[in-house]
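Just so it is clear, A, B, C and D label the chains in written order, and each chain counts residues from 1 on its own.
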């Protein structure tokens, strides 16, 4: 069963991201919304991927970010290539295509 | 698919109150159904009809009310969390001897059993954290 | 009879610290109940439950607690209904000086 | 509402007891779920292990005792308590300091619990 992990807190909060990483199973996905989209900045993204549990996964986690929140914060130019942007429509589709969602905050 | 939404953030303290509204709108646009939107923790403030943002700011309470009119949504505010934070309907205002009520009539005050039922009855439950 | 106790429109104590056995007798009188030993053993169980867990028990748990401490003959809803007609958990809680319940379940 | 035994609800608690009302509201949710005979599992992670300390005396900070109310859950029929072992170690807590009988779980087991749950609620 696939879980969509939803993160909404900025990188200053280490806990939600680390929990999301610890609960991550293969085939799950991570969606960054609200201030968690700041994880896509060039300086913070490597730190996010370096979270021990994510680094230890056999395959790289699938990471999405909410386009509306990225655009709102003026950071659309720097989104890393491996972060997939989704609109609210895509957000809905992600919740439907995963068996459940877990919100870490 | 049948969804329930849990809103834990208050307008102006957390973006999640707005995210939850946008998400619910997108859900309905795509033809999904919403079993219930449950307002808990600080999310109960979304139901306060006395909230009066400036005209060029979003009024979340009114937006939920409009969405309810269009889609007949079940908007439930946890009664314990609501009353403790000053979100009361007329019956609770009478019961607790308060001078006025303030809940927007698109919302119903009810017990946590409504959240239990929502998790039981829905295919998906999406929480918008505080 | 006229009472000097400070209660709200539903007869609950406004200040829980006002509670005493005398006050309990007055609240009971307001409810049309004269407290007997049978009432008191139940009220004592309720107060102990509240001091232990800081919550008022739901009806099912109320019955269960009375059954555990006083046995089958008294630990059933008929006995409790006889003692506290109408809504036993609510009325007994009121007399025992527990907080006014939220209109929850 | 009829209980559906095929559904498992995982309630994940992650907040310390007095940082906000969330810890309290999570217990309230569990009590309600118990009243409706739902099949729930409680998992304490991160700061939430601090909710379990059995010597809390919060009267002087004008708070109700979270541990006391948590310890009512078994009477309400909830018996599945799991705790993030690493969080216990992080805060140096031992079993005898805790107000509930708990099972310690590893990150792998926690991920499996989430994977196998029908829904999860995080408080």
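Just so we're on the same page, a contact is a pair of C-beta atoms (placed from the backbone, for glycine too) under 8 Å apart; a residue touches a chain by one contact, two chains touch by 3 or more.
Note that the structure is a prediction, hence the values are computed from the model and not measured.
Common neighbours of chain A and chain D, by the contact definition above: B.
By count of C-beta pairs in contact, B-D exceeds the other of the chain pairs C-D and B-D. In terms of the distance between Cα centroids, chain C is separated most widely from A. Chain C and chain D have centres, each the mean of its CA atoms, that are 29 Å apart. Inter-chain spacing, taken between the CA centroids of chain B and chain D, is 25 Å.
Averaging Cα coordinates per chain places chain A and chain C 51 Å apart. For this pair, chain B with chain C, the centres built from the Cα atoms lie 34 Å apart. Touching two or more other chains at once are residues 31-32, 35, 119-120, 122 of chain D. The set of chain B residues that touch two or more partner chains comprises 80, 111-113, 124-125, 127, 129-130. The residues of chain C that reach two or more other chains are 104-105, listed in rising order.
Of all the residues in chain D, the ones that touch chain B in their complex are 1, 3-4, 7, 9, 20-22, 25, 28-29, 31-33, 35-36, 38, 119-122.
Every residue of chain C that touches chain D in the complex is listed here, in rising order: 52-55, 58, 60-61, 64-65, 104-105. Per the touch definition, chain D reaches chain A in the complex via residues 12, 14, 45-47, 107, 110-112, 114-120, 122. Within the complex formed with chain A, the chain B residues making contact are 1, 3, 15-16, 19, 22-23, 25-27, 29-30, 32, 124-130. Of all residues in chain A, only 1, 3, 15, 19, 22-25, 53, 100-105 touch chain D in the complex they form.
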